[in-house]
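In the two complexes that follow, chain A is the common piece, with chain B as its partner first and chain C second.
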Partner chain A sequence: MHTFWYRANAVLTFAVTILAVICGMASLSDNFNFPSPHAHVQVLNINWFQKQPNGNDEVSLTLNISADLQSMFTWNTKQVFVFLAAEYESPQNSLNQVSLWDGIIPSKEHAKFSIHTTNKYRFVDQGNNLRGKAFNLTLHWHVMPKTGKMFADKIVMTGYRLPEDYR
Partner chain B sequence: MKFIVEILNSIRSLNVRQLLSQAITIGLIMSTALMIWKGLICVSGSESPAVVVLSESMEPGFQRGDMLFLRMTEEPIRTGEIVVYNVDGRSIPIVHRVIKVHEHRDTGEVDVLTKGDNNLADDRSLYAHRQLWLHRHHIVGRAVGFLPYVGWVTLIMSEMPVIKYLVIGALGLFVMAKD
Partner chain C sequence: MDWQGQKLSELLMQVMLVGFAISAFVVGYSMGSFQTMLLVYAGGVALTTLVTVPNWPFFNRHPLKWLEPIETECHPKPQQAAPAPSKKKPSKTHQK
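Let's look at the complex of A and B:
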């Protein structure tokens, strides 16, 4: 019973078990972090706003996004994926979510930022419902761990409205 | 190679009763593995509860060889979630992030657009010809958990079949030679 192979097997099994327990504990420890993020988004300009030949409305925005997501980071955080989405209702759709900008925050030092950007992804409606449309801008984040469970949450910012006319 | 000779001798000295009990042991190991996998499918609600990342399209979040755990619930699909989807006519499922969602009021069906974090363009070029959106039935599950490097075991085995046969052979010998 006490051959080399039995011992090798026992050591390997033990090592893998310990590693699994440590990974589980690292992931569980994330539950004790209560982040308090801040975000502020301004629509600085409507660059253009028109109806595409296929009948869908499209708008181009210039945005200023500032956020402080430093409290997201724990020792088990690999990166935080952050993105800004426009959310609105339309007659056909009970929910439209259109991602406008996203970014990867690799470390805590980069988690407090303020950027000035046009929308990275096209803001296109399904149909032509965008004139005078009230919409929310929601800053979502997705915490990607070194190991274990992923977390996601958001801040909803209300009170944005598109102009009544194409330009 | 004294060790191998010993194993061969112990195989040779087996009687029928021992052989049967070892067949049962092997059967138990295999059925336990199957039960764990099927149990995971039941708990997660996804037909493939664990997948291995094969490409670099989600770097630096997910690297090749990382393992993802999936769940599939009735909850609606929303932007930002990392989903695994199948495209008609492609055999390999893709792990990418949802960037656009349009949920229809009358049918409740969703139109979903995805993109890899490390890709420059969205996934329309990966979808079937003329397909603009993914629908619910394309989506296999959403990623909820992450374990680094573990998937390399399956990557190596699928890319170098020799190693797979060596490992299976060694395990088989090990079980057979057990007293």
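Let's look at the complex of A and C:
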């Protein structure tokens, strides 16, 4: 500590070390938050349902997605990424996941929403297994923190079924 | 800066930085604002730098007391006129 620059170096390195420690503590404090999100998705309409020329089934849906994700936000949350996936079983795959819609929620004020939308990404099957298929709509989310660990979880909504015929 | 000043400066730096870090975390967590935590801590680091890095007068309150200079007459310098040239000559011949 005998020269100006030696002391400046000591202050800088110790300050950055402590900054890393408080960021770690901020990340750990997220573990005391137990979110209780709600989500509800309605399939309002089957817009069309057809077999593509290459033999794959494709369906277009109109959805109403309402969710309350406010309890996920803590002081260390930067944003929340949510996506809605259709999940079903087919002879080739025990689990198919097709992303239908996604969104980035930048703040707690935007975390309670109700959206009326057609599927943002195409709902195409690998094959032609969609007629009369029962499927789940699952809302997945990733809570992205300002520092530290990212949390991910999901809500599974069951009891949806596609029509028996193309239209 | 004297020895006591260096010790004081290091102690001040550690205590101030840890203190500001704790208060920044408490304030940020209670206000629910990560940005507030960073601002409080940045202010603390700036203040700590200002207090401990420059060579302030209060770091120089314990100057070292050197011994009085010893009279040169009592201890005359060893004579170096005679042995010096005799030492140089063999070294030169050795180099060649």
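Here, the second predicted complex is superposed on the first by the 166 of 167 C-alpha atoms of A that agree within 3 Å, B and C clash if a C-alpha of one lies under 4 Å from a C-alpha of the other, contacts with A are read in each partner's own complex, and residues count from 1 in each chain.
In this section, contacts are C-beta pairs under 8 Å (C-beta built on N, C-alpha and C of every residue); 3 or more make two chains touch, one makes a residue touch a chain.
What you see is a predicted model, and the numbers here were worked out from it, not measured in a lab.
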item: Superposition-derived comparison: chain B or chain C, residues of chain A touched; value: B
item: First, second, both or neither for A:N119, with chain B first and chain C second; value: neither
item: First (chain B), second (chain C), both or neither touched by A:I104; value: first
item: Touched partner set for A:K146, first chain B, second chain C, both or neither; value: both
item: First, second, both or neither for A:Q79, with chain B first and chain C second; value: first
item: Chain B versus chain C as contact partner of A:Q70, first or second or both or neither; value: neither
item: Chain B versus chain C as contact partner of A:L95, first or second or both or neither; value: first
item: Touching partner for A:N129 - first (chain B), second (chain C), both, neither; value: neither
item: Those residues of chain A which chain B touches in one complex and chain C touches in the other; value: 1, 146
item: Complex contacts: residues of chain A adjacent to chain C; value: 1-2, 4, 7-8, 10-11, 14-15, 18-19, 21-22, 25-26, 29, 74-76, 146
item: Of all residues in chain A, those that touch chain B in their complex; value: 1, 5, 23, 27, 78-79, 81, 83, 85, 91-99, 102, 104, 106, 121, 126, 140, 142, 144-150, 152
item: Parts of chain B lying in touch with chain A, wherever the complex brings them together; value: 3, 60-62, 76, 78-82, 97, 99-106, 111, 117, 122, 143-148, 174, 179
item: Contact set on chain C toward chain A in their complex; value: 1, 6-7, 9-10, 13-14, 17-18, 21, 24-25, 28-29, 31-34, 37, 41, 45, 48-49, 52-55
